[in-house]
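What follows is a pair of complexes built around chain A, which joins chain B in one and chain C in the other.
What follows is the complex of A and B.
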């Protein structure tokens, strides 16, 4: 086994693997080091109860960049994505709301809540679709740098300015509002029905410690529509085998290009000599050297633990310490003896072949946030439920099912202190099951096994600081040229030969692969490796 | 020599009118109420007791405006403020012996850097941003911003979107101090101290703030009215406008409730912009895009006003002595909890209070030895479940007195008279559709080029001859006079 590489990548999550694959494809000698026994980071599938496979943390494929699928030939390496058929919001009293790929069916559904909204919905979709093209430009390129005087950077800024003006006055105004308003204020300008606005607004709060009425939450609404222009079947879907299968397909691609991947190889320190990263020391004491060290871990872990503050300039260290995580979500995975039918729409129909949002109103969502603000988990949380076994029968034994439940809010900083989460874990799990039981009355008696992940567990097990699923809050001041901190949004760091390629870098979180790919491209372009 | 009508004799309408009258235009200001000033007017709220305006802070009134209009105002340093809780207190303000001086001076220094830049931006019309806009003003704005230097520019981009409590926590460990500092910055917003972007609105307020005016807003109104008369302008009170008259697509004057019709070349809306455009312009004359945009402007009022007549001084348990400014905010989470109630169309038992005791510097406002306490009550929503009934109003009164009693025990026993203005009362008395004192929430999507909405050529509307001249227009909130003054300059 060699001990010297062109590039060592810390962390075998999907971004680390994407970065490795691109570098290996360019002929570089690459090593990926993963602390756990499985690859994938938070995009991982594990069989924690015999015969039942959990897509443990992340559970849908959102915005995996189409060019990555192409460049790395992921389909040949086993990637298979089933589109989500429906976005379903069940109701305890009313008929519930399904939004389908078919606009006519969606129109009928929305009409039950508001005729006016049903009329406006397609128009809203068209406006957002056009804006999504503008946003795509931003996630598919390194972040613009408003502080740079370099001609290429100024051109990029001017280009963005021109594209913005090209949107025209009306769309330009909408884009401006999207970038600054709260999800609810923004949707209020279009729609009247609370029951429609609720599931639409939640995309703005996923993974952040903000409420749907907090300014700055509107822009994530675009993500939904960005998926559509990428091609619905690719961008929003469920990967056969769970999200672990996405990671494995990328890993296989990387290996096919010649990358070496080691699991159970936890890194202890990044070796820094005279402000240059020269390699890493593993926890077992092995030293490995490389021309470039690339961290797919979050900025706090990377700089404050692996590198050490003593190697960092003061203002950079301050920026990293101020970088906010504030994990706000948890995950409950269930093994089920039978399918727990929904009260408002019984049966296993197309309505449950997608994602199911438990959010019966805007006040409900806001109250869930308010509880979390003062250090409690939400007694009635927002939940996003997927039954992977309906989309891929191999996830559970025949006739049995698994459920993946994303839960918000579960604040990392509970009032007892985050280290007390293990004592609160089961109570949190109970709140989730109790809430879901309102909609699925037979849920409780069908549960064979449950796994409850609190933000504390996510931090301890998956190395995500404060349990933030996006490696740092996606708040306005932590995006674009400020991710993770001003002046260092282009994957390089103040330590030479040390780079970032995780979700803590532009354009941030989600199973997009974009930070990994953009980091690799930047490194190659700049001769960093 | 144009004939100009200004609707509304608030401080912005008057600032516009004086500027135009001094430029020799024929100006008529029409005021629906029987006296000028709007929310800045002083009034006798209880026999023998006067306040200096529903808005009671005149320190934001622009020095550029008062200088340009030749207003006779006596400026003085802004008195210090006491941030009071039941057990403890902090002093803030320039020149005073402040709490946590080291952190305070670092914070003041940062504000000063930003203020230098902000002063240039706030005192002129923002550039147009529509697709046909000339590039030069846009480029000038970009250049002004870049000239801040990378460090300050990037810092502004970093802190602007932050929650104000997060930003203040970078300077101050003391939560009592943070809550007090955050409180004033939240005025006119629909936010709590943990809402993102609330730092931007605090920066706006701090940037507008200068020296105080002796006599408060009422003194500014008086100076403006005197200046208007001196310049030959006309002020008509008890002259409620019924509608804006049109000649073709352009505004041609106004018709009053009394039936009088007054012709004009230009009509300036010094009143609330929503009320002006939606109630005074015939819907058939209102371009659909303009109607949609003005309807989308968020202007949810969430302040109430209480005036108390006291038979003695306001004695704070934690800080003896006479204080002109008192802030009661509790801890940051108390402030946040008070705002939480607003979201659910309710108000808390303990409310954030921004207090002025004008009788400390002007004893003539009350009988000898007596005092006037002017309280701007935050986190009280216009939209209240059950509506603003007499009962709800009484509950508000009790909540305010209860909160005040907690920092000044015994104060209730000295109350000899009081006036409670709920957001609904403010709406009715001052023609503010949802009781918002600044005609539009302060929020980053409703400021600068986007005030009151993006795509307007600022101050001019899509109706030729009809102009916005109230705080619905840039720079908006705060008692500044700038909105009207810049509008007049544009005209």
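What follows is the complex of A and C.
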């Protein structure tokens, strides 16, 4: 094994791997170092109960950039994404609500709650679709720098400005509202049905310690409509083999381009000599040198643990310390002896072959947030449930199933202190199962095995500070040229030759692969490696 | 008037979209629920079940079957083509122009089966004169179900009495499926792991029901022709009547194609005892060089996006495969060098793909060409790169996991 590389990437999550693949494709000598025994970071599939495969943390793919799939030839390396069939919000009393790819069917469903909303729904989709092009421009390019006078930066800003102007007054106003309002206030301007607004509003709060009525949460709604313009008619998908298969396909692509990948190779420190990163020291004491050290870990881990505050300018260190994580979600994975049918729509139909949102009303969501504000997990949480085995039968033995349940709120800072999460873990798991049992009465007796991940577990096991799934809240003040901190949103850092390529960098998390790809492109363009 | 296939009762009961089309005079489902993409994904992820009964089928009986078929087909089936083998090939007219393409299966001693897109009873009989053969059209007597996708093998394993994992690519065998006599061949038109089940029309529904029941836990999904069109383009397969035209129906010479022009040279055996119809012409063409070459094109997505951006539009592509032929130009965008005949957005590869016929010197992979694309009623061009076919070629298509 060599000890000297063009680039060393800390962390074999999907972004680290994407960055490695692009650099290796450009002919650089690249090494990826992963602490765990398995690649993928938070995009992993693990068989924790024999025959049942859990897509342990992240569980759907929505925004994985299509250009990355093309550039890295990921399909050849095993990537297969199948779209989710439906967005289903079950109800205990009523018939629940399904939103289908078929607009006629969706219209009929919404009409049960509001005839008016059924008309408005496609209009809303069109408006958001047009705005999403604006967002796409932002996601597919390095963050604009409003303080820069460099011609290329000015051109980029001008381009964005032109796009904004092209939106027209009405859409421009919507864009402004999206950036400032709460998800609920924004949706209130369009819809009247609480039961429809509820599942629509939650995309604004995923991974944040905010409620659906907190200002600024409207913006992330836009991401929901982005897939539409990538040439796919349906944005949300499930990767065959779980999200671990996404990571593995990227890893295979990286290796095919010549990158070297080591697992169970935890990094101890980034070597810094005279404000210049020169390599890394592994926990086993091995020293490896590189022209560039690129961290796919979050900013706290990267700068405060691997680099050390002593190597950082004061204002930068302060910025990183202020950067908010505030993990607010947990994950429950289940092995099931049989499919736990839903009370309002029994049977295994297309309605359960998508994502299932447990959020029967806006007050329900706000109450869930209330508990979290004061340091408790929600006793009746918002949940997003997917049964991967229905979409990919190989995830479980024939006739058996796995469930992937995203749960919010589970605040990292519980009132006992985050280190006490292990004592609350099973109670949290019970709250999740109890809540879901209202909708699936036979759930409890069908459970063979359960895995409960609290934000504490996510931090300990996956190295995501405070268990934040996006490596830092996706709140407006931490996006764009502010991610992770003002002046350092373009993957470079105050330590020369040290770069960032994880979700803590622009444009953020969501299994997009964008930070990894944009970091690699920036490095190559600036001769960083 | 269109006629039903042996599976009509089942397929029409499930077809909620009311979208059908005429396939060789039979009623064929385009898409079951109006969203062919779902059916497409079923084949790539689980399994799709398609009624392929309208294919023309000819059973050739008699001691000289191999002789007859070797006279007709570009493949020599008189040698190294034992019972249980299947081959894909073309057949040509006297001038070496392709009449049709299809499969030949060696079912039993003295028994072959030919599939095709057009009727060839008379052609086969004409070349079988003075031979010990009998050609029987079995188009209506046999139903055919294509079971395609990664789970196809696991589904069949539950219904048949032998180990499907031992069955090799392009092999056929007789077996019982739910007690019914069937032929199963490891063939298909999707470029994925897959099988085709051939059954007497009277037993057809029973086979459908058995496969649907066995497939329930394996994600089996009835699939129509719209999805098939996307799948076959990804697999790089040409379609008669779209990517080329049978020489018998062409009014002008320019419309005809030779096997090599279609990229099917691999399906032509020249070293043989029995010469095939048109062989001389095919050999002459090899010395002379052919006029066209079939290629795969990868249409530049960034350019497509930029083009639509000029009109302040998001990229818009038909959600299904498209068969409107468009001109293909040299990189300068002016000199026409061919035509693209089939197009599709590949949901898996996230690419816009075309099959095209171009002058051979432009057929080298990596060559940049321009393809016509109409936006807002205006004809424009965008870059398309010549790439290898198949566009999608998973290992499982050919793999035989049960082979010792």
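Keep this in mind: the second predicted complex is superposed on the first by the 524 of 529 C-alpha atoms of A that agree within 3 Å, B and C clash if a C-alpha of one lies under 4 Å from a C-alpha of the other, contacts with A are read in each partner's own complex, and residues count from 1 in each chain.
Simple rule for what comes next: a residue touches a chain if its C-beta (ideal position, glycine included) is under 8 Å from a C-beta of that chain, and two chains touch if they have at least 3 such contacts.
Given the structure is predicted, the values throughout are model-derived calculations rather than measurements.
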First, second, both or neither for A:344, with chain B first and chain C second: neither
First (chain B), second (chain C), both or neither touched by A:373: first
Partner chain in contact with A:165 - chain B first, chain C second, else both or neither: first
Chain B versus chain C as contact partner of A:322, first or second or both or neither: first
First, second, both or neither for A:214, with chain B first and chain C second: first
Which of chain B and chain C A:147 touches, first, second, both or neither: first
Touched partner set for A:482, first chain B, second chain C, both or neither: first
Contacts of A:177 with chain B and chain C, given as first, second, both or neither: first
Which superposed partner A:185 touches (first chain B, second chain C, both, neither): first
Set intersection of chain A contacts, chain C complex versus chain B complex: none
Complex contacts: residues of chain A adjacent to chain C: 66-67, 69-70, 75, 80-83, 85, 101-102, 129-130, 133, 166, 228-234, 240, 390-393, 398-399
Chain B residues touching chain A - in the complex, by the definition given at the top: 129-131, 150, 153-155, 157-162, 166, 170, 191, 194-197, 296, 298, 333, 336-337, 340, 343-344, 443-445, 450, 453-455
Residues of chain C touching chain A in the complex: 33-35, 37-38, 41, 44-46, 151, 217-219, 301-302, 312, 314-315, 317, 319, 345, 347-352, 392
Residue numbers on chain A that touch chain B, as the complex places them: 146-147, 165, 168-170, 172-173, 176-177, 180-181, 185, 189, 210, 213-216, 322, 324, 363, 366-367, 370, 373-374, 475-477, 482, 486-487
